[in-house]
């Protein structure tokens, strides 16, 4: 029973990670790469971590895994947000088929204040 | 009661104390300390005169089992004669100097250096131990350096002092090498013990005898201003006259002669010895005498005649016959007497008239009658005219050259020629300035007695000893000859030997000397001629060598220390590759036993592959950020390797540190310029070769090490005791905080220092006056 | 409300200590037990909000996971198939969320969902700019966010 | 009985440094603490040295773990002497710094780092474990990095780039050597390694470790052809800093070479041959460099290189006599080089320049100071009977016994060139008239100093001059110590027994 | 096939391949921001690998490394963003 | 695997050396860091590697029950890493400061202190 | 940086990470971790905070200059190393409290030593990073 959980979770996790990896290669612009990868990978790693709790079935391990999960869930989106924002500042352009950009000209060039 | 030789240290300490007394600052010029200073050499003179009789006294006063040297003195005839000359002439010089330096600045300084010099000279001539002798020898060089450069703000003085110390210093060091070889061969550093025939045999038959002898001779020749090292001596005339009189008549320059005389029983009468001494002495005596004739500066003339006289002494020591030894024994004394008077005379004239140029001086006779008499007496002795002691000396010289088997005509010929020129030179100094028209030196009058009496004393002594040779025959000269030859000598000095070849030669010398004097007209023209000729002389050659050496040093230094870090690193790494490669190729065998190794799995392969690619990215990326990021990836892959291979603590730390380093880089890069473009150039090939060689060698040696069975004794101890004794289960951490906690203690110190360094590098701004502290 | 939560945790710990079993099963059981006890003893006061919130949180997580999987599949399809169906855009969405915590949580949940990325929040905290991969219609997209994550989140937090 | 004294010369500077760090900005209090700290360290070091002179080898097993399992600190006569000399030199430099280092540097860590540097030096001398030695080396280099750049002047930074790079390279190479030794022998304790090497037949691989350590230590000790960092940087920091650098930093490299090679590799003829070739080249090339320099501190810098050659030659020959000469020279060199750089600093204070062409007039203006300087400088030359002379004597004797002409020639040539270089300084700085005194006067701070400060700055120079006179004039005592050192290091078994047989109470 | 073998033979290779793919993005960039995202993803996958490795080797301590990885990767991303923004603003 | 790691070590040394021979200070520092990594890996490899056996005593026992990786190289590397971090941080800042003061990143323009 | 997302996150991350760092520090003797890594995590916590809220804000929060943590840490480590010398034991000898303490396990000088390491690491890394951030 435990083994099945491990296999299922880790397989799903690995596939999500693979998805992220393919995504980062294939997506045509930076923002979409971020969009795809951060979450897919986060999900994938989360699943694998959960798989490990099944493998150890140990209080301290499980609590550590929980800590890692919380931490990843807390930081991964912030990181993605930060790098996406920074990329926008340095002028990383969007894919040419992009529909619209509400951010255009909203940043103050000097202070980086956002209207 | 102790023998006199054992009291020598007391004498030395007294002199030293007085040096210190003189060196203590004084407000008054020519204070009482200065005026009392002649008492020191006078006391010492009396000590040597009365305390010793010319027989050999030896005493070991202090020794230490671990030092190759001991404090031991020998006073024999040779040493005593020199000690008497040093202190005797020293006494007169000190009296003279008191008059000469009256009202001048730094008199006490001069006197303390003179005393120091005297002390050193006494040490040289009295030491029995080679090393002790060398110590005093160097002290003479150093103190004479200070004396020659006494007028330190005068550039010529400084140059002369440099020249003197360069030549005598080099000679001294080479001589030290010789001494050590000699001491080691002989098994003793005591000169007295070396005169044992067995020891002599051991020395002369040793394979290193020749180089040893050459080393020692070089020391002696440089000190005694033998051709081609002679030129420092005329240069040294920049010193105040009392100094010249002292250094160049009786003392320093004769140290070399003393040394040769001292070693004559041990090293003498060997082929090298004889050849070297005769040829160098011979060339020196005739070359310097010739040079003397062209000079107009009295001190310059005297300097060259001194060189020539030293050549004669060396030459005679090379002959090694009884007569020659007798001649040199006497000539040491003779020369000291007249040369010191000459120098003092020249100094006094300079002091009173303001010039020493003989082409400008004339008619001083009336104003300075006593001095004129001194001049005549000194020239008399110098010329070897009977009944002066100089005559006795010259007689012996001719006798010894005539008796030399085989080359007697040649040797006699050059001796005669030398003496003719010296005769003329003596007249140029002792006679020429006094006669003729009195010229426009106003207010020339006889100076205070201290400026002429000392010279007169010596000149008169020269005459006295000539008339009554018995005064010195047994008490001085015979013991000297005995010491030089190593056998008991029996010399009978007498004025009249009857009509023989020697007498005719003497007469010839005098006649031709007078003739030469008559022909020579000192002046700018002759001086110009000789100075032109000197361009082809050894001085020029040695200068060229020295300059060449300096230039090559310059080249070597600039080539090696060229400021280019890359070259520095290449040299260091090249050196490493060379020796490491040599060791690996010649001393190890390269085999790989697969049994000892583990196999590669896919994910390891991928990890390493990523690492490799990242390395290349770091190497060749044009973007700094990319290079830094790639560097980060290298760290992360290492981290993965640590994870695979059971090092969780390492992985954590590596990962953290690697990231922090990248962050640091990123924060800093932001202020740095972009990479210089990495165009391909030949230097990359060289750099790449060196880099790959080092890398390749590292790979090879690490694989070789892996072929050995690992030693796990200490690890096993840690593993066993980590919990039992150190109460921890993470063995790595237990090692860090307990087994090897000291390392960690130091490591946090390193970290703190680094942080302070970063802080001060970025924050500290110096005020202007703090820039250089 | 906060003190109630703390009380809940405390009681859970007491339970664990009493039973002497420090494992998850026991913890969860202890939590549910003490939750129930607290629910009983505080019924009728205005504190009862706490008790409706816990189920809401569970619902929200369910919603989030649903969104996550849905979006992942959409993206996965796009990634795996050769053609690109994306219609990316950066859309400014007016915010009802006010506090920093609210805005941050919203932004994070948006980002955590594949295909969307919170780019920035305007300085007056009135607008959040979101990069999205599939924007057929701007208004529809804005509404999906507002009715989806934002509403549910604010529901819990307020 | 536990020899706590072994660790005091390390702990006292550490404690001083920590205290100093608490008084970060209070430069006045820092100055008092500096003198006090260095003074106490000096006393402890003296006590330690005296105990080692009885012939005992003192050991302290840190953490009570017996060797080879724990880190052991070992004080034999060599270590004891070097700790004493290092503490003495640091004390003098500390005194010198108290006046000569201004508010700016003092408020940015100068004094604590000086203490850390001393700690590193003493630690290196006492380390009985090769990795521990490596760590101490790192303390030394990071302290020296900070000291050499403190102030961030252009020249300092330019020099530091080279200094830092080459020293870090040396560290890496050193570490590589350690890796080899551990990989082959599974130990880090020097005594244990020595035993294991003597039992091992893997000479080729052990020699690769030897070569790596040779290069690693060679860079640190600035021997040919690895010295380039030294003349590029030693003249750039404040004089006090170059004094402690000049006196001690390269000597630690030499010490490490002596310690490690005498225990591990000295029996190998190839290694010894290389040592001798490098030694002679260093002597000559260094002296040639000194001959052409115009900056006093650069002259001294090149002389360091030259004189390191003397010591390495002693190591290459490794007879008892040679070791006596080498160790004596090491003692002498620490004192005179420290003093020489302090003197150059004082000359700067008095005359406003380090360059020969801008100096002059010292002899007539400060005759008694000049005499003291002359004594110090002639000691450096090795004029007999001053301190530099005796070791050369022993080295010459040893090279005759080895029938090695190259060393004899090298010693003579280097000594001569040293003499000329020093004379050059003497002529230019002391005898010559100052070329432009009115202009230089603006840079001279000396006249504004209160008397007590003048005294404080002169005192360390006087102390070191006195010590070098003592070394020269009481050579017999020094040679006795050197003989003791030579006996101890030419027979590693003594050291090994002392370290490995030390009974320790396990906790 | 046991669970461990499955993880070892199937999951680890999948993750390794993913790493390779991401690494390609890391190399080709094109922008620094792409590299940063790639790096972040590399580390995230590293966490996954370590978790699997922890299961396979039955050593929970590798999870601790994963924890540190998660923490640090975030900091790296923030630092790069900080740098990029600051550079852009100061230019 | 050892062969691969040995080659990695060689590559790290070679790359480090190649980089410290460049004219750019930034490359120089990166080179030094790579050299440090190489040395650490060398210690690790020469201490012999073993897979999946961290030197941590199992919770339930007081001593190791089966094989464990040699902890000494790990401890050494840890110390070396930390020390290198301090030195590298310092070196990076030095480069920054040198660039500000000397106004160049080119090492070959920094030759004034070597001039006579 | 001017983003409330990061600011808010950092507000919650700071205490979390500090707690975590102490956890890592205390368990080092038994499991991977220890003073060094613990210290680095704590430092990172503050650095993150500084990135988000600006350095002055973080420095106000810390009250003392991080540099002063170094002498404190060094002092603690040194004292824990020297303490055994009072009992006439060699430097750095482990001194242990008889009975184990919950969470930490055996309480001994090694732990204080590690705490010193922890403080020094925080102090040093923060000094380095803060100095760079505030200097142009």
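Points worth noting:
Going in written order, the chains are labelled A, B, C, D, E, F and G, and every chain counts its residues from 1.
Going forward, a contact is a pair of C-beta atoms (placed from the backbone, for glycine too) under 8 Å apart; a residue touches a chain by one contact, two chains touch by 3 or more.
No experiment lies behind these values; they were computed from the predicted model shown.
Looking at chain A and chain E, the chains in contact with each of them are G. C-beta contact counts were set side by side for A-G and A-C; A-C has more. When you average the Cα atoms of each chain and compare centres, the chain farthest from chain G turns out to be B.
The most centrally placed chain, judged by C-alpha centroids, is D.
Our note on geometry: chain B versus chain D, Cα centroid distance of 26 Å, whole angstroms. Separating the CA-averaged centres of chain D and chain E is a span of 48 Å.
Averaging Cα coordinates per chain places chain C and chain F 44 Å apart.
Between the CA-based centres of chain B and chain E the separation comes to 70 Å, rounded to the whole angstrom. Annotation for chain F: residues 16, 20, 25, 28, 38, 42, 45-48, 51-52, 54, 56, 72, 78-79, 82-83, 86-87, 89-90, 93-97, 107, 110-114, 116 touch two or more other chains. In chain E, the residues touching two or more other chains are 15, 17, 19, 32, 36, 59, 61, 64-65, 68, 71-75, 78-82, 85, 87. Looking at chain B, residues 554, 557, 561, 563, 565, 569, 644, 648-649, 652-653, 656-657, 660, 663-664, 667-669, 671, 698, 702, 705-706, 710, 712, 714-715, 718, 725-726, 729-730, 736, 738, 740-744, 747, 749-759, 761-763 sit in touch with two or more other chains. A complete list of chain pairs in contact reads A-C, A-E, A-G, B-D, B-E, B-F, B-G, C-G, D-F, D-G, E-F, E-G, F-G. Against chain G, the residues of chain C that register as touching in their complex are 100-101, 103-104, 107-108, 118, 120-121, 123, 125. Chain B meets chain G in the complex at residues 648-649, 652-653, 656-657, 660, 663-664, 667-668, 671, 725-730, 733-734, 736-738, 741-742, 744-745, 748-749, 751-752, 754-756, 758-759, 762-763.
Considering their complex, residues 51-52, 54, 56 of chain F touch chain E.
The residues of chain D lying in touch with chain G in their complex are 2, 4, 7, 11, 14-15, 17-18, 21-22, 24, 60-64, 504-505, 507.
Every residue of chain A that touches chain C in the complex is listed here, in rising order: 16, 19, 22-23, 26-29, 31-32, 34-36, 38-40, 42-43, 59, 62, 73-74, 76-78, 80-81, 84-85, 88, 94-95, 97-103, 106, 113-115.
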